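Some structures to go through are shown next.
The two complexes that follow have chain A in common; it is paired with chain B in the first and with chain C in the second.
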Partner chain A sequence: MKAPRFSRKTLCIPYAVFLLFFVIAPMLIILAYAFTDREMHFSVMNFVRFFSDPSKLSTIVYSIVIALITTVVCLLIAFPVAYILARSKMKKKFVIVMLFVLPMWINFVLRINAIRELFNWIGILGQANYFNTVFGMVYDFLPFMILPPYTTMLKIDDSLYEACSDLGGNGFTSFARITLPLSKPGILSGVTMVFLPSMTNYVVSDMLGNSKVTIIGKFIYEYFESDWHMGSMVALILLIVVFVSTLLSGGFKSEENVRGANL
Partner chain B sequence: MKKRGYILLAALFLLPSVLPLLAGCADDTVELRVYSWEEYIDEGGEGALLYDELHLTDEAGAAVPSDLIGDDYKSWYEDAMGTPLSEDGPAILEDFELWYAKTYPDRPRVKVKYSTFGTNEDMYNKIMLGKEYDLLCPSDYMIMKLAAEGRLTPYDEDFFLTEGEGSENNYYAKNVSPYIDGVFANGKVTIKTEDGSEEKAWREYAAGYMWGTTGFVYNPEYVDREELENLGWSAFTNKSYANKITAKDNVRDTYFAALGVTYQEEKHNQISSLSDLEKQYTANELSAEEYNAAVTRIFNATDEETVDAVEPYLMAIKQNIYGFETDTGKTDLASGKIWLNYAWSGDAVYVMSLAEEENDTELDYYVPSAGSNLWFDGWVMTKNVEKRKTKHAAQAFVNFLSMPENAMRNSYYIGYTSAIGGEKMFDYASYLYADDEAEDPVEYDLKYFFGEDLDAVLTADRADTLHGQLFAQYPSTDIIDRCAVMNYFDAATSERINELWAHVKAEKLDAWAITVIVVSAVAIVLGVIFAKFGHKIDFFRRKPKKGYTLVKQQDPIRI
Partner chain C sequence: MAEHIIELKDVTKYYDDNLVLDHVSFYVNKGEFITFLGPSGCGKTTTLRMIAGFDLPTSGQILLNGKDISLLPPNRRPVNTVFQRYALFPHLNVFENIAFGLKCKKVVNTYRNEKGEEYTKKERLTKKEIAEKVRRVLELVDLEGFEKRSIATLSGGQQQRVAIARAVVNEPEILLLDEPLGALDLKMRKEMQIELKEMHKRLGITFIYVTHDQEEALTMSDTIVVMADGVVQQIGTPIGIYNEPANTFVADFIGESNIFNGTVVGERKVRFCGHDFACVDDFEKNEIVDVVVRPEDLVMCPPEKGALRGKVISVVFKGIHYEITVQVGKFEVVVQSTEKRAEGEEIGLNVAPDEIHLMKPRYTKNVYDGVITKRNTVKFADGEFECDVTQLYPGSHVDEEDYLVTASGEKIDLTDTEVTVEVGLRDITISDDAEAGGATGHIISIIYKGDHYRLIVRTDGDEEEDFVFACEDLWNENDYVSVIIPKEKIKLSLKHADEKHRGEDKK
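== the complex of A and B ==
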């Protein structure tokens, strides 16, 4: 009797099963719920109700705006850090990288609670709910914006910079013509990793915005308390927003230099 | 060869589903599946009554709950469970298994499988997904909803016998507070049956567990009691409490509060205001029953006109409050971030003792005197008890928890007010709150709750009976007469009120702003798609000049 041998096909089965049960089936269930009413008859009422209600559209718009601001602020902070770290000749670079990644290892709810106390001490808790929410999001997602550009920049060959200065390029030129284009995949992957979750991370808006800030994730959660059909419709619409924004940022392209960008 | 690999994998996947079956065959115990709130039962160990009884001493400065039930807990425990009381503080669920085996030796043993939920809606959704539980502990409105939908099994008639054969272990029927029993007997729910519908009393489906009111816990250092009494529900929109008061982050509780604010001073849709009603009542123009009926009507108004009338008030609440909270309100109040927290009485008791012990601050409890919410959680049996033959065990479980000793244990552990009355429970209340050496002692009459035939009058500090923990746990008769139970919302009502909630929670943009944003978003999307894929469509491609042909562009050389 020979020992069982696993072919490539067999090794795919666990993932295929996972994909079927936890990715495809839930999506179909959401789709089914979104387009049915309470008696499970086909209905487009949820769709109509969503787009005829200014408060629902406002929530989507607010979520996107919060997510956009979060992403831009994260990028403004993270990109220079990633650039400096990647280009510097420091010996203990990893220590600094580690310091940025370290907060990710501490429980997220604990960190947000700590921020809450800090804001209370400063006196802005309950005063500037939107600012607090965005701050919390930035704090939470910053590491996701540092690492991908950093890893892509590490891979840039030094000879490119040498060639640039040989040809008379100054610091700005080398940044604009080499660093920026070549780290684009890293930036895009960072943007996706920050933008998408910050539309739905309602723990932050609840804790730091005292539940006065409603983002789309909270909306879905609240509908699922009472009306799964409307909740599924909102989830589906969010899915479309996410799909479109990923399409816009070119996340579906499979270029070879994306490699290493996705950690 | 390949086949064997598949079989191996299939076996791996199937293993978890076969295991419980194997375990189930092993012995002939009955599994009672209980589904209740988180931290809502005595779990034993430190902080549990029996543990404290055994380990705390008077010298340590802590009160000892001894001598409440005659001799001591040890002999009661050994008598009831048939095993010696262990030093590490037993938990009530295991005790039930022991007690059941001892009390019903002819029946199969019971194993309790206890799981917990965080909200009534979570529980309901779990049940709708087909999870099979025997005994549930939902709140008032959820009991009504489950009963109306025909998901509950009524208690046996024998369950309510208080004397004669078969009543020996009917601890619930014997001990339940006459007040709670009255509420459960008067409350009606319409149940769908095969031939139309039937009106039934809550009592037939539910046995009370914990109960209370809703009101404001506040810090008397910042909040003037008299001002608060004048404001009533309008405290939510009062500018001097701006950013210092919280509301609950769920539809029902905040809608209830908003109804209070709406009707506090003004009449809407031919229903007179709460303060007018209160004046009529104090002038004896209304009987207690009429007054309660009016309050019940106000707090159950969910028609379209009322919802429209409530919306601006709910908006005003949102503008004025510190925030909506589910759990943070308690700690925020104790730490001084806020002055008033709209809370359930059980949580109020908890935060009051927390503030007293940890921050040495006094917190008070206020129930809007014009009328507020009466809530309760009760044990109900699902349809599964008949199918799974667990009805006897389920009823025995309710009876076991209704033994005064166990009611004390649960109440002591979780801090809520038990629905069990009677002499022993009154002794327990006295142990907690009676104060003969109070500076300003008053007689606090609790006969309505513990029983008219008992001498249930506590001597306690006046302040404690007006706004202290005693008042929060056992409200006075005049307050309780003005409290209303809020019914469940049917599907249409639920949709209407959820829409209202969504409107209030969302930050509304002007219609034109949305139009501009949506149109520009669509334009950007189309623009990007065009920029990316436009060159692939012949129509948009620039035609070569006459005499030229188009050569396919070569890929640039990659670095």
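== the complex of A and C ==
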């Protein structure tokens, strides 16, 4: 007589069901749509159409470039902030970290709208669409770039800096050979959290780019209004881009990956 | 005369408002193994960190080979540190960790150009030179073949060796070791002690070692600097410090000790535990001294043959010896012996004159154990004195019923509260009217000190306490007098920190 009991396997069932219906099935549906025509016959036409249309190709390149610039600018702003905060002996530095992170708690559409109004007021709305878009993206994603490096840097023991200086290293050495390599997981995680969403966040590009900047996310959105098959193909291509870039940044490595956005 | 490689001159260090080092001065001879020894918080690690350059002195100077390096950053000092928790770089492997310092280093090379003129160039070490140096130092610490290993895969002992290798590979003039063996287990620690000592001999550089483990210090050092409360208590060889502790703190901290209050009663004669002993330390007659006797120097004998006689009150087996506590009068004396004694047994104790260590007392005032009475007077030294009990609780006063009322309005009954009583050497007068003072006794010593006499009055009761004080008038030895202490000159303090709470409970 076996008493019925919940094994870990039974506990897994709801999640397996969830994954099946909300992750795997939709992916298969996208895959199916991407490689069929309107009569649901197998076809690689969408694929050929996408890569033979220079305007579509340029959109994907623009998306990547905008995402890259956003990521680099975020990194340039965020890394020094994280470094200064992590290394300072300030007692209330948590408050400053909070201030940087606080905008995350306000609806981002609202924030982007506010910036749009500001740009309009200054008079640069519609004047420098790409700059405005990148500005909005940076503003939106900056906290994601501050927190992960900050938390990894907090974990670096002071004695390592002392050891570095004891062994003859100057300020540059300690930055290049201690801070940078040891905060790498944080940087990578920040990069992933900024680069990927900024390729698809078309709300920013629409509102601040005055609808003149089209990024890949916008593209997918537009296609799904008329042609699900082409939309699925673009979504699939984006998926592959994301996969490759994650692979390149080492995001799949099983080493301790500090996401750190635990505020 | 040996060369002074490091010299601290009047170094004081404050962290915020906390005084950590108080006017510390000493020097370190080139090539010696010197240990800073003391309890935690004594300032030993701070001293080391200032030599390394991680902390800067608030005032004073640190000289390296005669040059002031007090404000030089760590990377410009020819000194390397083995950190308490090793501080190895977790993202680098063993080779890269050890090569870290070598890669930062620039050496001056001399070349000759075509015209035969010499010129010098500051250059980094080549990869080959670095690899060779790392290989040699790995041999030194017995870690050949570990170059590619990641730090996380090493055991504590191996990490320790890498930490030492990383420091010594730079050929520093001084190697600083901050409690490097603290994280190792006992057996490993003993092994590493021997290895470090060996390494010191082989490398011939100065080792400055910090530890709170007195045994470690005694085993390894050429010189020990004993520190407490930010002050150097004694500097000397291990044997010197063990055998001739400079004060009761050192005696107490290094090894085990019996410490008694004693009085010098004659030329090389000291009285403690109610008996006169011959000793070898030469102190002025009638001087109040601290007497230190090591437990292993007390010899047990039949009661009638002992200078001291007492009853065994406890026997503890310690492996090599028994630790026997003997009650001699009101004193407890600890004896270490390989012979066993039974509890309750009457025994005698003897001690050889050269095993009795006399030292100047740390406190040069009269200190007694006292008890507050019902009438808010204080009983000590076989007497009873008027005193001001309100000083025990700031802002308090005494009400009509003799209760103490604290600043916050709480009533406290002080009866039977144990206090420490302090009386200054100049706050005591005596009178031949036996009723005039709080305690009575006989004058046992009168010394003319140039402008005044120093008197000692010993009470007649069983506490046999001494009052030491300065006096303008001439009295005679053996005069029967009473001791007068003005109420306001009696300083009281609560004996235990928890006394306060106990007192409050009684209200």
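We take it that the second predicted complex is superposed on the first by the 250 of 263 C-alpha atoms of A that agree within 3 Å, B and C clash if a C-alpha of one lies under 4 Å from a C-alpha of the other, contacts with A are read in each partner's own complex, and residues count from 1 in each chain.
Going forward, a residue touches a chain if its C-beta (ideal position, glycine included) is under 8 Å from a C-beta of that chain, and two chains touch if they have at least 3 such contacts.
Remember, predicted model here, so these are calculated numbers, not experimental data.
In the superposition on chain A, A:88 contacts neither chain B nor chain C.
Judged by the touch definition given at the top, the superposed model places A:209 against chain B, while chain C stays out of reach.
After overlaying the two complexes on the shared chain, residue contacts for A:169 are found with chain C alone; chain B is out of touch. By the touch criterion defined above, A:219 reaches chain B but does not reach chain C. By the touch criterion defined above, A:159 reaches chain C but does not reach chain B.
In the superposition on chain A, A:181 makes contact with chain C only, not with chain B.
Once the two structures are superposed, chain B and chain C can be ranked by residues of chain A touched, with B on top.
Looking at chain A, you'll find residues 160 touch chain B in one structure and chain C in the other. Only residues 157, 159-160, 162-170, 173, 177-178, 181-182 of chain A touch chain C when the two sit together in their complex.
Partner chain B is touched in their complex by these residues of chain A: 2, 4-7, 10, 13-14, 17, 38, 53-59, 61-62, 120, 125-127, 129, 160, 206-207, 209-214, 218-219, 222-227, 230, 244, 247-248.
On the side of chain C, the complex with chain A involves touching residues 52-54, 73-75, 79-81, 83-85, 87-91, 100-101, 104-105, 166-167, 170. Across the complex, chain A is touched by residues 1-2, 4-6, 8-9, 13, 119, 121, 125, 243, 246, 249-251, 318, 321-325, 328, 337, 491, 494-495, 498-499, 501-503, 505-509, 511, 513-514, 517-518, 524-525, 528-529, 559 of chain B.
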